[in-house]
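A, B, C and D are the chain letters, set down in written order, and residue numbers restart from 1 in every chain.
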Amino acid sequence: MFFASDNGARCPAPVMEALMRANEGSAMPYGNDPVTAAAADRIREVLEAPQAAVYFVATGTAANALALATLCPPYGAVFCHEGAHVQHDECGAPEFFSGAKLLPVPGDHGRMSPQALDARIRAQGTRVVHSVQPGAVTITDVTEAGTIYSPDEIAALAKVAQSHGLPVHLDGARFSNALAATGATPAELTWKAGVDALSFGGTKGGLLGAEAVVFFDPAKAWEFELRRKRGGHLFSKNRYLAAQFLGWLQGGLWLDLADHANAMAARLAKGIEQIAAASLVHPAQANIVFATLPDAAHDRLKAAGAMYYNMGEGRVRLVTSWATTEAEVDSFLQYTNG
Amino acid sequence: MFFASDNGARCPAPVMEALMRANEGSAMPYGNDPVTAAAADRIREVLEAPQAAVYFVATGTAANALALATLCPPYGAVFCHEGAHVQHDECGAPEFFSGAKLLPVPGDHGRMSPQALDARIRAQGTRVVHSVQPGAVTITDVTEAGTIYSPDEIAALAKVAQSHGLPVHLDGARFSNALAATGATPAELTWKAGVDALSFGGTKGGLLGAEAVVFFDPAKAWEFELRRKRGGHLFSKNRYLAAQFLGWLQGGLWLDLADHANAMAARLAKGIEQIAAASLVHPAQANIVFATLPDAAHDRLKAAGAMYYNMGEGRVRLVTSWATTEAEVDSFLQYTNG
Amino acid sequence: MFFASDNGARCPAPVMEALMRANEGSAMPYGNDPVTAAAADRIREVLEAPQAAVYFVATGTAANALALATLCPPYGAVFCHEGAHVQHDECGAPEFFSGAKLLPVPGDHGRMSPQALDARIRAQGTRVVHSVQPGAVTITDVTEAGTIYSPDEIAALAKVAQSHGLPVHLDGARFSNALAATGATPAELTWKAGVDALSFGGTKGGLLGAEAVVFFDPAKAWEFELRRKRGGHLFSKNRYLAAQFLGWLQGGLWLDLADHANAMAARLAKGIEQIAAASLVHPAQANIVFATLPDAAHDRLKAAGAMYYNMGEGRVRLVTSWATTEAEVDSFLQYTNG
Amino acid sequence: MFFASDNGARCPAPVMEALMRANEGSAMPYGNDPVTAAAADRIREVLEAPQAAVYFVATGTAANALALATLCPPYGAVFCHEGAHVQHDECGAPEFFSGAKLLPVPGDHGRMSPQALDARIRAQGTRVVHSVQPGAVTITDVTEAGTIYSPDEIAALAKVAQSHGLPVHLDGARFSNALAATGATPAELTWKAGVDALSFGGTKGGLLGAEAVVFFDPAKAWEFELRRKRGGHLFSKNRYLAAQFLGWLQGGLWLDLADHANAMAARLAKGIEQIAAASLVHPAQANIVFATLPDAAHDRLKAAGAMYYNMGEGRVRLVTSWATTEAEVDSFLQYTNG
């Protein structure tokens, strides 16, 4: 019963096998190798974005912070949801890399509305030297509350950003789960909706530690490369990052894994709804379930060795992954129900 | 004939196998897992440093920049050799992470003498508010010129640093090659010689992408952890970094691999010395050979598909690795000799 | 009718005269001159803090940003009121100088309650590497809403900070107005209440451009000096900063000027309260009045050339200074009343 | 006998009078006042640069650091003379504000040759992600060695910069002395020679603490304004900075003062050359004299209360100012001669 994080799961065999396959002969370092080229091409194909610049880094925090630093000047503001990962869970990395200030936008269940985003940007204003200048918008999907945006909802937020001349970043740490949940294509959820730069998460979806950063317009590609190196995030043996993506993206594996994780969360949420003493805190739309459980359930779960994030006051965060089993879910529900 | 970099080699089987072994079941993320604990313990054992704080990152640039940022204040100076990797090859990462200014110390063949280091620190002075303050000393071993320091030489440099109240960092991107070349123990080349923090390189020695940062005095451990996270260098699935070290350090493999790389470089250097038209630029003491080759040799080597770094004016850098074969070396020498 | 800002007033004659008096002969630069020493001594005397380290800078933003950078590490959080000057009106200077993240604390009328501050610090938590660490608390007095804290209220906030091990900074851009309003001594409102570092504002109180930064414990004095220089805020001809303070602090002038400014604001506030169509937005406790005025009043005031900050939706900010006259106030009220 | 620095002199009466004249009535803060507008206009007139963007700050370090941060990206290199003020005497301020790395160019007597500059830029190279990218060139005139550049020499350096696509900054902390020494017009020594941004020094030339930053192409003006504010360098009562320039620039006073300072240095240098036991270290072309004096001379000068910077090994730096008298110079020479 491991629901602590999708970061806690092991990696699927095809990913490990791709890593092994990449471990052949010599290769030019720093991304000048055929495996890196193939993985970048594959990502461009998946995104239907032949012009996009694609880079690999090892962590989601690096992907977000470097992407935002490339999009937003140091005297700029990045608008994000008040509960966003960049705001709470990256120890100030986005600010460190960009110099920018994060300005939180309120919204229920982890989601920004276009109206709230627009109001926050307007409140910040422009051309007054005393305030940081609107610089970029970052959207998280799957959100930190486990909810999702439809392509139309992303487009509506991007439209607000564009109306203020701001570029749009999508924190897709759980991009595959968002795609699986909406049924949208990668293009529909990104550049077709107005997204300029994407943190294409792989780690939470089954990789050892690999994320892609995608700029749909490659104009800032070279600046990103310099910022990545300067941030210590350029791998010399880049093929071992890229190979992970190659194995994962092959034959739709990545979406199958996300489908499974989402299904396990849905099963968990459905079960919790049927327990009188428990309730959901947010709609469970992808692979994260927030719920309130009675104290007795916590005691039983703890005794049974269940792993999950206890947020206090009875509330829990439960994250499913490609490796979560129906048996784990059912067992969790059974202990919860008492 | 691949001599472009030790970063271009594939990884040895025991490292890949350790990675596979770590891919079992669920594990708490962010380093709170038994594989990470075991690898850190193993490194403490190797270093005979039971109190040391040990952390994993994926790149040497990250290891150096984060270690220096932890040792040196933003208004400080880091003294390094004028040809050091931190000074030339990290796109300003040490300055970005630390805020400090790097002050180069001259020296032949990539090495600082205690006298030159002392003179440079004295020239910088202290307590004058107009200048950055002496903050730390960083030593590279194996040096960028392919030379090495004996434990006594490290100790002499560290003694200078200590006489000015400065902590000492060792950039050990090729730490295993330095150990193999000197025959010193890891402890002798580090804390016994006065080193405070070590970038314990693994990637150039055969890992996919893993370095350990070691603080022999754990007083600044928590600060380092925060800086690592804030730099986007904390892996969620940390076990896959740590496992690489476990495989590599087992049964002395890491030193055997380094021995082999050094032997290949010695064979290469010896061969070059016997070619009338070629000559060594620096003493080849570890796994890097700098040489001057005649134009005709370059033409032949290029035609034969040899990969190496051409520095201009006939000079080349040739790096051997655990995967370099005698046949490659001999073939290179044959083409060079014409 | 100038109510745009206390920054818009000219400077009182004794300040200009002190500047002239300082303009005699040669003096060692960078603060090593007798005028600087005398002014620092005078400030220590005023604050009853003989051990305090006292420095001069030219702007309030510099004073705050440099003080906070000295108190808070780059991976730290600075807790401030949600409407604080550091949060809204310094274009990210505190973050730029410190690297820290500002975390806003809610509160009516520009004031933090000890409960709200404590709750916000607790919510941030500590020892979790994913979040910035509680680093410092900054209190603004006079607040941005024109309200004040009593010495007991400052002490209560400082006690909360201390209970979490955090140092306390007081943004005293209008320190003299706060003192005049409370009747407290400078010591009572600062170190006796638990304040560690003070931005002792002079500019808004009548100086050309001079602020003192005071550390009651001089342990971090040298670090501050380095940060000041590195920030370009060390004046070579420091005596011209210090002299302003000497003239201003002489014979209680500074408090007399603040008394006058406060009295003018009180007269203005009282008048507004007596106008049916107008109302106060915040209690006017020092030299700033926030009010809602009818549209017709705005039209009349604008036509008459009144200068003030129109915040939209009928709301205005009116700031009085040592140079504000009763006639200006009465005239403003007359136009407002129609 | 005050030769410690031109920063140690008092300020000339017309500057103080201009300050007094500016101290009339109310004025909109933050540079939106007529005195600031008039001073900026006057500077544009002096520079024959009607389109230039002109800003005021209080220190030379701020002027240089903010100008360079506006010209050079954080992953860039600023090429400067190895003895430049930005490299040695600003405690890392240029790096702090810009994020860039300073790369020193060697050259005798404080001067870079076009060949040396070109060679250093070429050595750095471009498009290799491991190194900081050439970003800007900064020239100091009067140099730190007291020598000067002719307009043609500035133009030759600027041509090198332009050939690499780099903008040119002129650190004119002693701009008036350089103009007085060369007889060139302000335009000839700046934009006509290819300078993009100028730190137009006032403080060393007689102001209390005021420098202008000039961008001949105003495209980056708004970015500079934001960086100035974010650096805490925007004065609220900006008129008191601007007024200093108005008084100083009136009727050619600034150049007369510089002429006098230069003449005093020439007198000093000439005298030293005639003393057998003393010698000049650099040609004395403006208002700074570097000389070697015998120990006995130091003893006599010290006993007589002479103030100057003793650099060790008998070497001294002697700086003259508008306030230096012939009597001071002659007295210094007399004590030196023994």
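Note that in this section a contact is a pair of C-beta atoms (placed from the backbone, for glycine too) under 8 Å apart; a residue touches a chain by one contact, two chains touch by 3 or more.
All values reported here derive from a predicted model rather than from experimental measurement.
With angles rounded to a multiple of 5, the C-alpha fit of chain A against chain D returns 180 degrees of rotation. Residue numbering shows that chain C and chain D use the same positions for more than half of their mutual interface. Taking each chain's centre as the average of its CA atoms, chain A and chain D sit 50 Å apart.
The distance from the centre of chain C to the centre of chain D, with each centre set as the mean of the Cα atoms, comes to 33 Å. Mean C-alpha position of chain B lies 42 Å from that of chain D. For chain B, residues that reach two or more other chains under the stated contact definition are 30, 74-75, 90-92, 96, 129-130, 132, 226, 229-230, 234. Here chain C touches chain B in the complex through residues 30, 73-75, 129-130, 132-133, 223, 225-230, 234, going by the rule given at the top.
Per the touch definition, chain B reaches chain D in the complex via residues 74-75, 88-92, 95-96, 99-102, 129-132. Residues of chain A that touch chain B in their complex: 2, 4-5, 7-11, 16, 19-20, 23-30, 57-63, 65-66, 90-93, 96-97, 203-204, 208-209, 226, 229-237, 240-241, 307, 323.
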